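The following pair of complexes shares a single chain, subunit A, combined with subunit B in the former and subunit C in the latter.
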Partner chain A sequence: MDFVSVRFVIFMSFAILAFHLCSKKYRAKLIMPLLNAFFILTFVKHPTELWPFALFLVTGFWCIKLMERFPTKKNAALTIGAILTLFIYVKKYAFFSIVPFMRGVYLTIGLSYILFRILHILIDIYGGAIKERFSALTFFNYTCMFLTFIAGPIQRFQEYQAVERNLGEKVPLKREDIRKDLSRIVNGYFKVTLLSPVFLFIFNEFFTRIDSARYEATSFILCVVYTGACFVYTLHLYCNVSGYMDIVVSLGRFLGLQLPENFNKPFLSKSFLEFWSRWHITLSNWFKFYVFNPIVKALIQRRNKAGLIPYYGVIAFFVVFFLVGVWHGSSPAFLIFGLFLGFGMSINKLYEVLLRRRLGKKAYARVCESRWHRALGSGLTYSYFSMGATCIWMDFDKLMWLFRKIGIFGLLGVFLLGGLLAASVIALFSVLICWRDAGYERLYFLGRNLYFRQGYLSLKAFILLLFLVSKSHSVPEFIYKAF
Partner chain B sequence: MDRAENDIKKRLNRVFRETFGDEKLEVFETMTAVDIDAWDSLMHVVLVVAIEKEFGITLNAAEVGKLENVGMMLTTIKKHTRK
Partner chain C sequence: MRHILRETLFLVWFLAAWYILALVVSYALYPDYKSDIIDTKESDKTIFQTSERYIIFALPKILSSPKKKIFFIGASNVRDGFRPKELQSVLPEYEVHNLAVSGSNITEMHDVVNILQLLPEDLMKKSVFVIGIWYGSFVDDEKHWGTANSSVITEALRYGLYRLDSGKPKLRVKMDYLSYATVLLRPCLFLQRLITKVYVYGDRLRTFAHNLLRKKRIDFSAVFNPRRPGLDEAYKRVALRRWQDFMGTKNGSFKDEQFEKFLDLSKLVNKSGAMLLIVDMPLPEWHRRGSPYWRNYQKKKNYYINEALKLGNVRYVDLELEIEDKDFRDSVHPQPEVTKQWGILLKTYIYQDEHRSTTL
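So, the complex of A and B:
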């Protein structure tokens, strides 16, 4: 079921009604599992398409049950290995093409996110952080909750438990809260159905030129066109995924579900290191908790020497982003994506360490807070990430062709040009926001006027509706659904 | 604050001073990475290893990730040392 569909609106209205009409004890035990099951069923045309998905869930559940009874190191390795192998098999990873994969069409949507949930439960049971016994119902609700099923956010079980206990409580009944949540939902749909397609349209223009440049364009023109494509695609990606998250988090509040945020103004990050605490936050946190910290900890315990710590970070960043890349897709292009991101993180960390050593703590902090460093940091971060995201829209062969054609200096040029472009746009955007806020202060009476605010919201909703009913307007697929 | 709690806080303060190389550092319950420049994701793990060594405890992955401020560190250390 697509989030931008009449079916979903009807489904969601029914869900909210059911949550509020039923007594609390039935919400988690009856309403939620029924809604989850129904939501999942809408993705398949025939029940047979479900069995690999069901097999994955059942295996995950039994692995958890085994760990609950015997939480030994051997069992932890065995269950984690089993669930990862099954995941690779069901997702048909290209690196393992010698293995005879399952044929035919079957459901794989949501599996990547379910994998994270199951892995974290197994690790936490082994570490003693989860002591509760899982019932099949709790497991199903946690791993397959319909709002977070397609693409997260990845909520840890410890936080989810508190949510399930209060299911249906803390619903925004105050007029101000309802207005805020409705406004965010409209904004979310605005991003997904209007802004994202506009950026996609512009991106397609660039992409067509890159494709035709295979035969005629010079490397310089290709670099410029590639910079434009990277720049616009990231805007499309951001509107698509953050818009979806706006919808999910706000709809969750109408059911009394407190879901974690996944984006926090990522393009205002001053460095690539900071970027990952603002982009896909729940995924970053998952990797920090269960991969980055344990690797660095193990290395420090092996040899604790201050001078080596940054290099431990470099090793851990490479491992984490290699896994992030592999998780994003099963083709070799995503391997490059992961290593490219790992390289960026490592270079950023080493730059930070060297600059701090050379300038000293205070001067380093002053440089980092200077306007030019912040602007350039944001711009280059945006540019680097945009180049990394190429693997989402370009296949491996084309990627190799592009690298050969523009070379290492071309790539550097794209990075710098994109960085300057992004820094200028971010600076301009910041000025506009300041003006907007100053304007709001002057027109404060308007901001407080309920009729004005409701009118503004209705206008946005009306424009949205006009676009949605227009037959010529098509909404792009939700990008994270494919991961 | 009882004597045991006071002792834990003093020892934790010493760990912080040694880890961040700042002899004047004084920890407080709401202190987070924002209050110490050098407290980044890497130094966080260095700090955790130093805490584990000082108090003779082992923290699991979820605890390491969740130690966002000094208050949480004190609570976690107390929980482990009570066992």
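So, the complex of A and C:
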């Protein structure tokens, strides 16, 4: 079921009504599983498309049951290995093309997110962080909750459990909160259905030029066009995924479900390290808990020397972000994405470690807070990430051709040009926000006026509806749905 | 729950207010176009803006008078060549509608005829369909539309007022209510106009950027709007090349697909009881001479037109050789001064008393 559809509006209205009108004891045990099951079923045309998905869920559940009874190291390795193997098999990873994969069409949407949830449970049971026994219903609700099914956020089980317990209570909603949530939903749809397609449209203009440049363009033109494509695609990606999160998180509140935030103004990050604590936050946290920390811990156990510990971070960051990159897709281009992200994070960490060592903590902090460092940092971070995101929109062969055509200096040029462009736009945007806020100060009486605010919100919603009814453009799919 | 409902209703209430405001603005900027006939050349003066939308939404206009109707269907050369107001004086018993859509191939003409089939049967029986064809009308669907529907069908399906039933457009609402539905959709149509404007500016920006980077100017106006007096040899060469790109096949060859559809279209009109007048649209002599498509088209069309003429109530007129080169403003379109003359040429064919078929 598409989030931008009348069907979803009806479904969601029904869900809200059911949640609020039903007796509290049925919310988690009946309404929630029914809604989840119905939502998943809308993605399949035939029941047979469901069985690999069901197999994955059942295997995950039995692995958890095994770990609950015998939480040994051997079982942890066995269950994690089994679930990862099954995941690779079902997702048909191209790196393992020698394996005879399943044929035909079947449901794989949401599988990556389910994998994270299952792995997290297995690791936490082994580590003793989760002690209580799982029921099949709780497992199903947690792994397949309809709001987070398609593209997260990846909520930790401990947090989910608290939410599920509260489902039994009366959903506490204040009028002002609902107004804010409604406003955020409208903003989310605005990003997804209007801004994202506009950026995609502009991106396609650049992309066609890159395609045609195969035969005619000089490397310089190609670099300029490629910079434009990278810059715009990242905006499209951001509007698409953050808009989706706005919708999901706010709708969750209507049902009394507190979902974690996934984005926090990522383009204002001063470094690539900071960027990943603001972009896809739940994914970064997951990797921090279950990959980064264990790697650093293992390295410290191997050689515990205070001077070396910061460098362990450099290694761990490389491994973690290589995996983050590979997780994004099953084609060879994502290996490059992983290497690119890993390299970026490691270099950024190394820069931080060396500069701090050279300047000292206070001076380092002063440098980081300087206006130029901040502007350049955010610009180059944007540029680096957007170049990495090329792997999402370009296949491996074309990517290789592009690298060969523009060369290492070309890539560097794109990075710097993109950084300069991004830094300028971010600076301009910050100035505009300052002006807007100053304007708000002066027009504060309007901002406080309920009718004015409602008028502004409804105007956005009205424009949105006009666009949707006019079908003036096709709304792009949620990009993270494919991961 | 009470709060959610209250806030949602509050939002809906404001949405309704914006809707009414948008409706008022749309009427203020684009008042109802006062005309009893549909002339797609005038579509830009209406809120519909495009020929396709004009045909789809203004359909009830055709029912406003009990007069016999003539429908001109074809591409832009039909739209520019047969002006309803001029023809009205030549054919006073008829109400003339020009439903030509720029760049139409036979599939799109077929779709327009299908839409007209939604009108009452008795009206169809006393109507005349004038279908203007030339070699460009036979560009195959894959080249022209790719995997998409024709632009008429795309527009018909856009707002959900039409649905496709075995490939034919059907109205979801009664014909009597189509005008009301159009009023309701005015804010959306207004938005479409604005979007088109943005696209136009975007296109200019793209051309500017393209020219800036490539240093080589693109003559987008090569075929359709020469913007220069007289048609010199360089223009003619570019125009012929552009038509070759438009057709997309090698050596001027044609697939059977569009010719078969043309026969289907003839059968459809014939079945409805209306008269069909097939007009082979004229081209300047240099275009005919220089295009391999024209030569192959001459060979291929005869069989299909003869088949159509066998249906009865079908007539054929070849205007190809009757018009002089000086009467063209570009490679296909007539000078505005000669269009009345084109209409007079058709008059004799429409007024023939016996519905007699003639073979080529």
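Heads up, the rule we're going with is that the second predicted complex is superposed on the first by the 477 of 483 C-alpha atoms of A that agree within 3 Å, B and C clash if a C-alpha of one lies under 4 Å from a C-alpha of the other, contacts with A are read in each partner's own complex, and residues count from 1 in each chain.
To be clear about the criterion, a contact is a pair of C-beta atoms (placed from the backbone, for glycine too) under 8 Å apart; a residue touches a chain by one contact, two chains touch by 3 or more.
The structure presented is a predicted model; accordingly, all values stated were derived computationally and were not measured.
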State whether subunit B and subunit C clash or fit side by side on subunit A once the two structures are superposed. fit
After lining up the shared chain so the two structures overlap, which partner does A:467 touch, if you call subunit B first and subunit C second: first, second, both or neither? second
Tell me which partner A:455 touches in the superposition: subunit B (first), subunit C (second), both or neither. second
After superposition on the shared chain, which partner residues are touched by A:285: those of subunit B (first), subunit C (second), both, or neither? first
After superposition on the shared chain, which partner residues are touched by A:129: those of subunit B (first), subunit C (second), both, or neither? first
Return first, second, both or neither, reflecting whether A:254 touches subunit B, subunit C, both chains, or no partner chain. second
Touching A:300, do we find subunit B (first), subunit C (second), both, or neither? first
Between subunit B (first) and subunit C (second), which does A:74 come into contact with in this model arrangement: first, second, both, or neither? neither
How many Å separate the nearest C-alpha atoms of subunit B and subunit C in the overlaid structures? 35
Subunit A-touching residues of subunit C, taken from the complex the two chains share: 1, 3-4, 6-8, 10-11, 14-15, 17-19, 22, 158-159, 185, 187-188, 191-192, 195, 206, 213
Subunit A residues touching subunit B in their complex are 123-124, 127-130, 156, 158, 273, 285, 288-290, 292-294, 296-297, 300-301, 304, 309-310, 312-313, 349, 361, 365
Interfacial residue positions of subunit B with respect to subunit A in the complex: 37-38, 40-46, 48-49, 60-65
Name, in rising order, each residue of subunit A that touches subunit C in their complex. 16-17, 20-21, 171, 173-175, 178-179, 182, 205, 221, 224-225, 254, 454-455, 457-459, 461-463, 465-467, 469-472
